[in-house]
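The same chain A turns up in both complexes below, where it pairs with chain B and then with chain C.
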Partner chain A sequence: MENPIDQKAARRAILVGRIAFVWALMIVARLIYLQVVKHEDYVKAAASQQLHTLEIPAVRGELLARDQSPLAISIRTESVAVNPMRVKDPDFFASVMAPALGLKPEDVAREIRQRQDRGKKGSGRGFLMIKRHITAEERDRLNFLRRTFQFEILDDARREYPNGLTAAHVVGSIDAEGNGNAGLEQKINEDLRGKPGKMMVLQGSRQDNYVSWVTQDSLQGVNLTLSIDRVIQHDAEKFLEEGVKASGAEKGTVVVMDPQTGEILAMTNYPTFDPRHETPTPGEAAARHSNIAVQIPCEPGSVMKMITVTMGIDTGRFTPETQIFCENGAFPRPNRKPIHDVHRYGTLDVAGVLIKSSNIGVAKISLASGPKSLYEYLKKFGIGDKTGIELPAESRGILRKQECTSNADTNCWTPTSHEYIAFGHEVGATAVQLARAVSVIANGGLLVQPHLVIGKSRPRPDGRMEKIPVEIKPPQRVLRPETCFTIRRIMERVILEGTGKPAAIPGYSAGGKTGSAEIFENGAWQNRHNSSFIGFAPVTNPRVVVVVTMNRTPKLGAIAAGPAFKKVAETALRVLQVPKDQPETDVTPKGPRMLESNELPENRRAEKKPEPEKKQEEVAAEPEASPNLVGPRVPDFRGKTMVAVLRESAELGLQVETIGRGQARQQRPAPGTILPAGARIQVQFSVTQ
Partner chain B sequence: MTTLSALWDWLAASKAVSGSAANGGDTDFRLRTLPREEIHVYVKPIDNTKVVMLVDKKDWAASLGMAGGVVVASLLLIALLLPGGFNLLASHRMEQLKNEREMLVNELRDLRSQEAEMRSPQNLEQWAGERFSTPQAASVVFAPPTKGTVASLR
Partner chain C sequence: MTSTRIRTDWKLFTAAMLILAFGLVMVYSASSVTAEVLYKKQMWEFAARQLGAALLGITIMMMLKRMDYRKLEHPLWVFIPLSITIMLLIGVILADPRAHRWYRIPGLGQFQPSEIAKPVLVIFLAWFVAQRKEVINSRYTIVPTAIVVGGLTLLIGFGDLGTAAIILAPAITVFFVAGIQQRYFVLTLVLVAVLGVGFIFQKPYRLIRVTSFFGLTEEVINKDPKYHWLAARLASSKATRDADHQPRQAKIAVGSGGVTGLGLGQSNQKLGFLPEAHTDFIFGVVGEETGFIGCVLLLTGYLFVFWRGLRLFWLAQEPFGRYLALGCVAVLTAQALFNMSVVLDMAPTKGIPLPLISYGGSALICTLTTIGLLMSVSDRASG
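Let's look at the complex of A and B:
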């Protein structure tokens, strides 16, 4: 017989077992419900808590000077913003938040209230930037307040311009949203700003990242190395400001360029602006968008004579010695006003026309060459065409078409235009265009592309730099080198003997041309000029081209712009470590007569000039001998071989420039003349027949 | 065989004896009669003195196998979970390093900016103007001319 106690115990055990089973079943059922039925919901919920999509910010590219020092650089920062509609008590919020950020509580409270008062549909009511670019200390203080107040700490970036005003018009500036609004910052904005990417991040409860993976690659901003030299740029700005104030001008600009490569070493305008000011004054805002050197063409005046004379010589119609009668100051023109010169000149040679800056002389050269030829040479020098420099809103200058399409076409040359364009009227050019035009003469006949960017690189994710090739238009030959060499020598005489004396650089030979164009405004001449000076140095192998323009100045040409040219060119040559080629004390040495072919005895014999004009020419070409002009006498190389010439010149310590091969036939300067310090002897060889 | 009440009595008695011995008096701590005291607890006397442990190699191997299996399973489990955990920690460290790198790169940018500002021509010119001036003639000391010097300022 079975024990009744055992039966009871068994029943109880079974009961307990059943309860446990049901309980376990319920747990399993619940687990199945949570993990199978509600699987997707909970996966989503977990992902929303742990998985975040973050933006990989693209840091704006840097703008670097020639020496790799930053001109503009972006630094990542953080900013604090709040939704004013979520702030219940603005006073309490401001009283706690403002001290943590170094702000005035009343200002913060007022801003919040103003946005709250805009109502539900008011624009900008839901966002208030409390403070941009907070410091690390402020960030730490805010961390304690994050659980108390609803505010956001946003990623931001601060653009710094460590050199201040230096190269402001080249570098430009950015607006509050980080987009360029002037200079290179604007022109190359897309490259500089890059493209932000995206990444997924698995975060822990403390919002620290555990795993991240990139879903969309970011493209960092391109770093640009500019051709700007900080020292030349700074000094150019300083000397321009001095020059503008001294000449009573309203505005001014300076461009310094390497004529061989087209690299802009300095470019400045006055007035300028401070790119660090996010909210500029009206004056600064106007200056920011007015890059005179690139955007505003003005009548170049006599500067244009350089092109006209070059045309005359390059086409072979004229030589530097060709005599031109300059009508004693007034050149009567049929059915219109005569063309005048400032001074009355009788007969001048072509070189004298440029040196004395005779309007009548160049008008006659233009008349003899014809409008088609002048237009062609203007185009060769790049007048009327954009230079392609990497700055916004570049002007192509003012040069109308040479041929009219119809009688109603007014945007073309009149039958008399070429007479006036020859000396810089009816035409407009920017300072950069003028710098390019002078470079053609300075580099021996190549039209180069002025440019600022000499290097591009992009930071890779691994920290290395990826170099990006810079596309520069290759130089294009537009003139014969011989023509350029001749014009260089004539332009040297402009400084030594002509209108450009204030631009003489101590210790260096330099060539240049002055220019003045009186401003005609509101139907009257304003007695204000656009005065300019363009030039290069040293003459034998020009390393820099400098263009100085003073706008609306009462002073003319070299008096207004010459001193600035001299100072800027001097600095540039010093910084570029160009050796001096003239005695430093002899600021206005005697002209380099060595290149004048009439110096040769045979030419002297062949030359027949009217007596009075010859006297005038001699007075112009031969200033008083400088007491400092002492040097060796030029030996007679004629009839000798090249080896003998080189040996003899080496023994005497003379520099010789050889042309051709065979026996020496001609030499400049003539034998027996005193050679100025730094000058070379040009010896022409030819094969004996 | 003894009853539950007797068992309690026995337990209580031994405590009572030790307690009364400490107090110096005899106190009866007998339990009162418990209900259902007819329940008997059967105590079977077992004599293990003659028990000899037999070594069963099969059992021993089975036990060892079981223990080994558990250890291996544990190790496998650990090996299965460890890389994942390690990966998680390593990636967390990597993320920290990435952040640190970004912070340092940013700091470098800031320092480069400060350096450029200090070395800007404008700043150098200002410093040169403030700190450097031409010394007076009396304060200039000329170095003595060296042996090969042809001419000197003094």
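Let's look at the complex of A and C:
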């Protein structure tokens, strides 16, 4: 080798090699420390910054009416929130964000400042909802701002009430956090809300998601089908409002129930509220939480006589024909004021007592039966017990215990209570309780459970619907059917000949009972009444029970509540397609009915004056008005083609004026009428030109 | 000088190519998310550029391998590249007023002149030591050399302290092995230390990285009145915030890899958590995806290259070849070990690429050039 290696240099080169080797060993040691010894810690640290748990929102269940039309549905939306503490320049933030969301910059800036000021005092929260339920365009605009500002777009859901105010008190409403605060929304909140699931997401440092997997399935909210019938409900609301205004009442309530099953077909209160308002207007705030039909018992007054008379007959002490002396209007009681009747009656039979609504009569029935029996029958009718309807804050009514535990016990009947309870004083019942009590009579002696939910189903993750059984207490037999039948007949007479005449339903037989309890407040009688009407129709096989209560009305009984009862019951019977069982005596004959017969009423022929120019309907309705009564009869062209129409009219020698083409749809004059001389038949075809 | 038989060192070649291939895979894995999310480009963009640079670098490497390295032992080959490099380094301070590191070439990307300095300096050192073996310790030669090396280091250190430290590694190694007098050696080390401290204080981000490496994070400094003088220096910059973020994320990456790793492409830290995941901190992704086994294999690969290069010190025919090989392996190994130490939080954070692995065209080409020089020596060595 021409250039021998310097031995010292070689040793130093070996030293360099050793240094590198030792350094490498240190790296290996460090790798062991990090990757083997501390491995678990770093896996945890990595997971804590990479993996995030997201909530899979559960969609709130829907509330559907009987015909599956939606009463309350949830729509997924998004909302924008910000942590005000992290906004450095509220004015700048607001000036950019607010226009993108269609808000006023000053408002947003002020809100943020307020929160920041509160934050400095230590009571602030790092959360400000800027706008809820943003639109798609707003969302697009925000996407551009995401890099500039720190704000959050949160999953949200908006509750829609497609039918507006219809069944507001039944459906209820929800608060800003999506929990029900009234009605079914509140009572069945847990079921409706479902349970949110959990999802793990692998997130990058920029909150960009890469991989996600579900760790817990979400439980969707239960969809409820209600027994509410949309049409009956709507009309009940309309007629109640009319009734309340006509009777000068402050409040009112209507309950329509199927007596056989206890399904509530309609339930409404006045005043009502708009469930679409997340924060109620001042006028609505009280109404939202006062479902009078369920929550507020009032003295039923004479309505209670139904129960007293039922007791009298069911126990066998009385028959409908049993004569009761009604003391000519004043029943003197020892050491007390006498019991008065509105009208003076001498002797009435038991049916007459109910028909004429004699306080003295029922008081005597009650006296004869004794308090124990009355209490027992009140309980049979469900007075003083919650009905178990699926609405919040249900009142059990007012019914004191019959037996006193001690002398100091005030929450019990006095020795004279049963005289007054017999005609509905010292007792309180809600409209739903009254509806249940009437149902006992209407359905032949069964105590049913009033309920609103007739179907439950839950959407499953695979898209199918899972049916959930609805548990309803089976009806309990509390009375003999014969008694109920007897009472129904008496109650029918209440409407026909007694106090309930304004409640008569044209075309249907109906039974009912009026009631009016004067309101005693602040130590004085107010000359204001809780007037109610309870009833059912038709009498032989009642399909519908209607309870109407007008609160604080100056009018009494059926005058206040009867018209509303009549109209609501009429709608309900029509919607339920109940056949009419009575002649409609008070209905004036209508045109189309006349048209059915070709014979003209002889006696009216001469009365009518000739009217040469008539509209189609009038011509159709009153063909006798034509001066030429022996003309040709108009054939029926409807449904025929134009060729057929022309051929037929040519054969008959009639002039036809055609409009459009296609099939004949309408014709003027109507078929069957007599064509005036020289007149043309106008035929409208399906395709207009 | 007689011409010797050319015998390719296939072991060295294979080792280098394996590391390079592994590096391309890792760049693809580590850069795909960054490319897509941060730069809105195709996910293979960075990997493709790296492949292009690798092909160019391999071409240069093969050319150097064929070329007899002894041709380089001529002042022209030494000084012309050296002066070009110095010019480029001065130029970059003006061209890149912020970081003093990169030339931006439209259409091609960035170009880092300090990378060129590595092979150029290695050649210069080898030439100098081989030429002036006898007078290495003479004042008349050591001073100009110190000026050249020092000047180069200063120029680089102005913008890129990490590369400057790496530049010094072959210099110190070569001089040490060549037998520089102890007093010069100690003097150099002291000088380097003083300059290093100066450079560290020059930029707050360097300062906080060093202090937080020793446990003095920004919080501690701001709280303790003892460190007010440091706080004053740090307050001038925003870059000081969360200085231990990078080593912490790197440790999470390596640590969560465990023994076997999460599997190629499975890294989660590269989703924006680990800064510079495809460049200076790519070893973190290596640790996370291939685990302890992969890291040790990679380290073994570097040590293998180091050993193949170091043995040339004995096998090379003449001093120039010896010191050229020594300088080459010194610069390669120092980079590799230092980068790993930074990622494993054993050294303060410095921007040093992992040779043959980290993304970066100029660095890869220069590394392959260095390996080309090494192979040129190796092919012509005896035994």
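Methods note: the second predicted complex is superposed on the first by the 514 of 689 C-alpha atoms of A that agree within 3 Å, B and C clash if a C-alpha of one lies under 4 Å from a C-alpha of the other, contacts with A are read in each partner's own complex, and residues count from 1 in each chain.
The rule we apply is simple: a contact is a pair of C-beta atoms (placed from the backbone, for glycine too) under 8 Å apart; a residue touches a chain by one contact, two chains touch by 3 or more.
For clarity, every value in this text was computed on a predicted model and none was experimentally measured.
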With the two complexes superposed on chain A, say which partner A:A45 touches: chain B (first), chain C (second), both, or neither.
second
With the two structures laid over each other on chain A, which partner does A:A9 touch: chain B (first), chain C (second), both, or neither?
second
Output check: A:S69 vs chain B and chain C. Expected answer is one of first, second, both, neither. What do you get?
first
Just chain B (first), just chain C (second), both, or neither: which does A:P162 touch?
first
Given the touch rule stated above, what does A:L154 touch, chain B (first), chain C (second), both, or neither?
neither
Looking at chain A, does chain C or chain B touch more of its residues?
C
For A:A20, using the defined touch cut-off, is the partner it touches chain B, chain C, both, or neither? Pick first, second, both or neither.
second
Taking the superposition on A as described, I'd like to know which of chain B and chain C A:A176 touches: first, second, both or neither.
neither
So in the superposed three-chain picture, is A:V231 touching just chain B, just chain C, both, or none of them (first/second/both/neither)?
first
Which superposed partner A:S212 touches (first chain B, second chain C, both, neither):
first
Those residues of chain A which chain B touches in one complex and chain C touches in the other
204, 208, 210
Enumerate the contact residues on chain A facing chain C in the complex.
1-3, 5-6, 8-10, 12-13, 16-17, 20-21, 23-24, 26-28, 30-32, 34-36, 38-39, 41-43, 45-46, 49-50, 202-206, 208, 210
Can you list the residues on chain B that touch chain A in the complex?
88, 91-92, 95-96, 98-99, 101-102, 105-106, 109-110, 112-117, 119-122, 125
Chain B touches which residues of chain A in the complex?
69-71, 73-76, 160, 162-166, 201, 204, 208-212, 230-231, 233-235, 463
Write out the stretch or stretches of chain C touching chain A in their complex.
33, 37, 173, 176-179, 251-259, 268-269, 271-273, 287, 291-292, 295-296, 299, 302-303, 306-307, 310, 313-314, 317-319, 322, 326, 330, 333, 337, 340-341, 344, 346, 382
